[in-house]
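The structures come next, written out as C-alpha cells.
Heads up, the next two complexes both have chain A, just with different partners, chain B and then chain C.
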Partner chain A sequence: MGINHRIVNVVATCDLGVQINLIEYASANSDVVKYDPNVFRAAITRLTTPNSTVLVFHTGRLVVAGAKSIEMARTQAERIKGLLKICKPPLSFRIQNIVTSASLDKKLDLVSLYAQIMIHAQEKIRSVTYEVEIFSGLQIKLDHGCIIIFSTGKIIVTGFTSQTLINQCYDEIGIFLDQQGHSFVRA
Partner chain B sequence: MGRTCPFCSSSEIDEDPSRADVVCMSCGSVLEESAIVSEVTFQERAGGHDIVGQYVSRDRQQTGLVGVPGLSRTESREVTYQKGRKLIQEVASQLRINQHCIETAFNFFKMSVSRNFTRGRPRSHVVAACLYMTCRLENTSHLLLDFSDVTQVNVYELGKTLSNLTRILKIQLPTTDPCLYVLRFAIMLEFGDKQKEVVTLATRIVQRMKRDWMATGRRPTGLCGAALLLASRAYGFSRSISDVVRIVHISDTVVRKRLDEFASTPSGGLTIDEFASVDLEHSEDPPAFQEARRRAREEKRKKEERDAEAATKELAPVQKEIENALKAKLKKSPYGKLIASSVGEDDVDELSSNIGQMVREEIIDNVYEYADDDFYDDDPGPSSSRRIDCGPTLEFLGVKPNSSIDESVVSEDEEILVDDNDFDDLDDSEIDSYILSESEAKLKSRIWMKRNGPHLVEMERKRKLRQEEEEAKAKDPNRKRRPATRKRDPINAANHSDAMAQVIKEKKLSTKINYDVLAEIENGTLEILDDAPRHAHMTMPKVLKGEQIVEPSSPAREEEVPEAPAESSSPPENPLANLLSPKPAFRRKKQSAMAACLADAAAARMAKAKRALAAAGPPPPLSPTPKRQKRDQSPVKSPPSNPEPRVTRSAAKSKV
Partner chain C sequence: MSSLQCPIHPDANLIEDHRAGDIICPECGLVVGDRLVDVGTEWRSFSNEKSGTDPSRVGAPENPVMGASDLSTSIMVGFGASDSSQGLANAQRKNMNNSDRQMNQAIGIIREMSERIHLARPIQDSAAKVFKQILDSKALRGRSNEAQAAACLYFACRKEGVPRTFKEICAVSRVSKKDIGKCFKLILRTLETSIEQITSADFMSRFCGNLDLPIAVQTAATRIAKKAVELDLVAARSPISIAAAAIYMASQASKDKRTAKEIGEVAGAAEQTIKQTYKFLLPRARELFPPEFKFVTPVEQLPAS
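Right after this comes the complex of A and B.
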C-alpha cells in the first residue's frame, strides 16, 4: 500500500570553485541579495518564482534551501551561477537533506505503536523516542534519517539524501502498518 | 530467607544472633554455628562501654592498605560514585523521593558510569535522568519539570539525556498516565474532606479524555488541570483557572483549550450525574484531526460555491431573455391589465387608450424592475432608496413636482432618473410624448389627489394628535417623579434648631410623633430644669417607701410629674442641640426615659392612693383600677412623656 508523500524542503550544497567578491555581488543584485558581514559571513539571496534561499560564501560555495524538489534545487544553483556570471560548471552538487511529509488520514495510538515497535526491534532502528512531556510525536531514528509520527496520522520523513531512500522508507512504513497496524491504527 | 532444612524440608528456620546459631524448628537440627553476624556488641572497658569491631561500609573499600606506595588513597571511580550519590540524595530530598528509589537510582548511576555515560555530560543531567527513570518505573507522580526546577536545567536537555540513557541502558520506560498526577495536584488544590470524590471524578474525566483521543501527544498535566477544574466545580469548590495554572505548571490558554475540546465531545454535554453513571461507547476523533477534516470540508465548500457562481454567471443572459419574453406576454394578458388598471381609467375620461396603454406598460416595467432588484442588486444605492419610496411618485408619473412634497425626495428621484436610465434607445419625440403638458399635469394631480387624498389627510391628523399627546404628557402635573434622583434643596436656617425643624418638616420623619408638642419644645413653653434626672431618682425611693410618704409630697409631685418627664427628657440646653451629639445625651435620654416610666408608675400609684383617700370608702380593688387609671392617665401623660424619648431617639437615628 503506497503512501503518497510530498517533498516539502530540499537542502543542497554546491561548490562553484571560484572565489566570489560578495560586496560586488550584493551591490549588483541588491534587490534580492542581503549581505551584512557583521551578522553573517554569507550573502543571503532570496530568489522568487520558484521561492528559495541561497547562501553564497566568498569561497564560491553555495547552500540552497527551501527548494521543493531536487531538480528545483539544481536550477536554483544554476540561477545563482548565472547571477555571478560564472561559465564553468560547478565542481560538486550534493543534496544534504530532504524533508517529506505524508498523511495517513487515520488516527494512531502512539502508545501501542511504541510498544509494537519495541517488540519488533529491527536492526535498522537506532532509537525510538516517545516522550509526551517533551514532544507530542513519536520519533524513530534510523541509520540515515528520521521518522516522526503524530497521533493525527501525519508522518514526516526527514534526513534522507536521495529519493530512493525515501521511497524505501515509506515502503517499510507501509509494510509495518499493514502487518501491525490493527493494534494502533484507529480509523 | 527462603531457606529449607535439608533434613526435614521445613522452612521454619530460626536464626539467633546472640548464640550465632541457625536452627531448624521442626526437627531441631543445627544448620549453622558461630555464624558471622553484623550485630553490634559492646564491651565493658575502663572508659565505659565500647563497641567491638569496626563499622564496615557497604560501598567503600577498605582504606587500610596505607603503607603500600604507588597505590592511590582514593580511587577515581569511588570518588565519582560518592559524588553521584551525594547529588542524588540532594535532588531526591528536595523532591521527596523515598529511599528505595534513591537506591535504584544510584544503581542506574553506577551502570551509566560503567558505560561511560557520565563522561562529557554534566553530573546533574545524569543524576536527574537516573532519578526520573526510577520514578517512571515506580509510577510516582513526578514530572520531568520538577527535576528541571530543582536542578535548574532546561527540560528539553533533560529529555535528551533521558532518551540517551534509556537507549544505552536498553530500558523501556512505561508511558506516563495522566491519572497518576491527579491525586498529587488535588492534594495541592486543598479540597478538604471531599478530596476523594473530586479525585475520583477527575480520574474518570481523564479516562474519558483518553478514550476521546484528547490525550495522545498531549502533556498529561494539561489534561489533569482541565479535569481537576471540572471536578472541583462539580463539587462546588471555586477553583479558578489561575489556581490550576499555578499548581499544574501549564499555561491558561492550554487549559482553556482542553476545556473547549472536552466540551465539544459528546461526554462534555452530559450532566455530572449522567457522566458518573453512563459511559458513552463512541469515542471521538482527536481535535487536531477534526480540525484538519473541518478545514478540508471548508475548502471543498468554497470551491463548490465558486463553481456555482460561475455557473450562474453563464446562465444570466439566458435568464434575461426568458424574463423579457415573459414580460411581453404579461403585458398582453388580462393579469397585466389588472395591474395597470389602477391608473384610474374609469375615473378620468380624458385619458385616451394610447396614452393609457403606454402608462400601463410603464407601470408593468416598473413592477418588474422592483422585482428584479432583489436578484440583480448591482447598484445598491439608488435601488435601496427607491425601495424606501415604493409608490410611484408624482415626478415619476410625469407630473411637475408639487411644493408640498419633500424636496430631498424629489432630488433623489431626479438623480435616480438621471443615473439609472440611459436614453440612448429613445429619441426626443418619444420623450416629449411622455412629458405631460400643463393641463395634463393638472389632470394627473387631480387624479392622484382623488386617490390618495383621504390617506394624506389621515396621516396629517394622526401626526398632529401624537404631537399633542406628547405635549400633554410633558406638562402633566401628576407625572410620576423618580424618588431616587431627587435633588435636596439646601437648607438655609438661622441655627441648628431651625435646620432640624426644616429637615423634619421636609422628611416627615415619623407618623408616631406629635409634632405639636415638638413645636412646643422649640418654642420653649415647657420649663427646663437642670436637675431633672436627679429629681426623678429622688422621687423613686419616696414612691417605693409607701403611700404615706407619697401623700404629703403628692401635690408638689403632681405638678411636677407632668412636667418632670418632659423636663427630664429635655437637657439643660436646647433639646434639639442634643441631636447633634446623640451619645451622651442618649444615655441620659435612656435614664430619663426610665425615670419617666417610673415616674409614670409613681404618679399612677399616687393618684390611686389619692382617690382611695378621697373616696373614703371601701378601697377599690387593686388590680383593675390601677390599670384603668393608668390607661386613663396614659393618654394625658404619653404625649409629653413618650414622644420625647422617641422624638429624640428617632431624630437622632435619622440624623446620625
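Right after this comes the complex of A and C.
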C-alpha cells in the first residue's frame, strides 16, 4: 500500500572550492544578501522563485536550506555560483537531510501503536518514544532517520539523505500498517 | 538456645549474663558458654540529648546502593582545629571516590525532593537504585546531578505505579521540565526497560485530594474519564487534561464546584486546555456520569465552557 509523501525541506552542503569575499558579495547583491559578521560569520542569501535560503561562508562552502526537492537544492547552489561569478564546477555537493511529510487520513491510537511496535518491530528500530507530557507525537528512531507519527494520522519522516531510503521507510510503514493496523487505527 | 549443660550439674538452669555475654551455672559458677550475641534492642541516640557517652555500638545500616565506602563516620573539622584533624579530614575526602560522592549527593537531593511531595521511602530507595545504575553506565555523563536525580525520581514513581507529572517533579526541583524529560528518555534507553503509559486514574486521588473534593466527586470523575476514553470522545488529549476536565465536570455537577483555573493549578494543565477538553465531554455528559451520582446541578445546567 503506497503512502504518498511530499518533500518539505532539503538541506544540502556544497563546496565551491574558492575563497569568497563576503563583504563584496553582500554589497553586490544587497537586495538578497544579509551579512552581519558580528551576528554570524556567513552571508545569508534568500533566493526567491523558488524560495530557499543559502548560507555562504568565506571558505567557499555553502549550506542550502528550504529547497523542496533534491534537484532544486542543486539548482539553488548553481544560482549562488552564478552570483559569485565562479566558473569551475563545485568540488562537492552533498544532501544532509530530507524532511518529508505524509498523511494516512485515519485517526490513530498512539498508545496501542506504541504497544504494537514494542511487540513486533523491535529489530528494525533503534528506539521508540511516546511520552504525552513531553511531546504529543510518537517518535521512532531508525538507523539513519526518524519517523514521527501523530494521532491525526500525519507522519513525518526525516533525517534520511536519499530518496531510496525514504521510499524504503515509507514502504516499511505501509507494511506495518497492513499487518498490525487493525489494532491502532481508529475510524 | 542450644542445649548447653554444665558438665558438673547437668540439671541446673543456666543463667545468662548479658553484660559479659556469658552463660553461667548458678551452682558452681562455671562459665559454660561465652561470646553470646546480644539480641537485645539497640540504643538510639537523639541529637538533642545531652549525653557524655553514646551507648550505641553500631552506625547506620549498610546501604547496598552506595557500595563499599558507606561508613557513616565522617570527620568534621572545627574552626581553628589542629593540623592532625585537618589531615584526617583531608585523608577521608581524598579516599572517597567521585562516584560515591555523586551518589551521596544524589541521595540527598532525592530525599529532599521526596520530602516536599511526601513520597514513601521505597520510592526514594528505588530512585537511588536507578541512579546507581545510570551512574555505573555513565550514560548521563554531562547532565547535572539535580537533573539526573529528578529524572530518576520521576522514573521510580512511574515504575512503582504511582506516577507524578513532570510538572509536579519540576515544582520540587530546580531543573526545567525539558531537562528532566531529556534525562528521563536517556534513562529509558540505558535501562532498556519500558514502563506503563500514564492513565487519568493514576492522578485522580491526588488531584481531588488537593482540591478538597469528596470521594463521591472523585469516583464520578474517575468514571467520567474512563468512559470518555472508552467512547473515544477525547481522541488525542493527554491523560492529565482528560483527568482535569473530568474533575471539572464532576465538581460542577456537585456541591463543591471548582473553577477550571483552580483545577489547572493543581493538575498542571492550562485553563484553556481544560475548557477545550470539557467541551468534548459535554455533549454526552449524561452517559459519562456514574448511574448513582447525586446531581446538585443537573446535566442540562452544566456550564457550557
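Simple rule for what comes next: the second predicted complex is superposed on the first by the 186 of 187 C-alpha atoms of A that agree within 3 Å, B and C clash if a C-alpha of one lies under 4 Å from a C-alpha of the other, contacts with A are read in each partner's own complex, and residues count from 1 in each chain.
In the analysis below, a contact is a pair of C-beta atoms (placed from the backbone, for glycine too) under 8 Å apart; a residue touches a chain by one contact, two chains touch by 3 or more.
Keep in mind the model is a prediction, meaning the values are calculated, not measured.
J.: Looking at A:158, would you say it contacts chain B, chain C, both, or neither? Reply first, second, both or neither.
T.: Neither partner.
J.: Name the contact category of A:13: first (chain B only), second (chain C only), both, or neither.
T.: neither
J.: Now for A:129: first (chain B), second (chain C), both, or neither, which partner does it touch?
T.: In the superposed model, A:129 contacts both chain B and chain C.
J.: Tell me which touches more residues of chain A here: chain C or chain B.
T.: Here the partner covering more residues of chain A is B.
J.: Looking at the overlay, does A:114 come into contact with chain B only (first), chain C only (second), both, or neither?
T.: Touch partners of A:114: chain B and chain C.
J.: Pick one for A:180: touches chain B only (first), chain C only (second), both, or neither.
T.: Touch status of A:180: no partner.
J.: So which bits of chain A does chain B touch that chain C touches too?
T.: 107, 110-111, 114, 118, 127, 129-134, 136, 150-152, 186
J.: Please name which positions on chain A make contact with chain B in the complex.
T.: So the residues of chain A in touch with chain B come to 107-111, 114, 118, 127, 129-137, 150-153, 186.
J.: So in the complex, which bits of chain B are touching chain A?
T.: Against chain A, the touching part of chain B is residues 143-145, 155-156, 159, 162-163, 167, 172, 175-176, 213, 216-221, 285-286, 288-289, 292.
J.: Chain A touches which residues of chain C in the complex?
T.: Within the complex, chain C contacts chain A at residues 165-167, 177, 181, 184-185, 188-189, 194, 197-198, 232, 235-236, 238-240.
J.: Given the complex with chain C, which residues does chain A contribute to the contact?
T.: Within the complex, chain A contacts chain C at residues 107, 110-111, 114, 118, 127, 129-134, 136, 150-152, 186.
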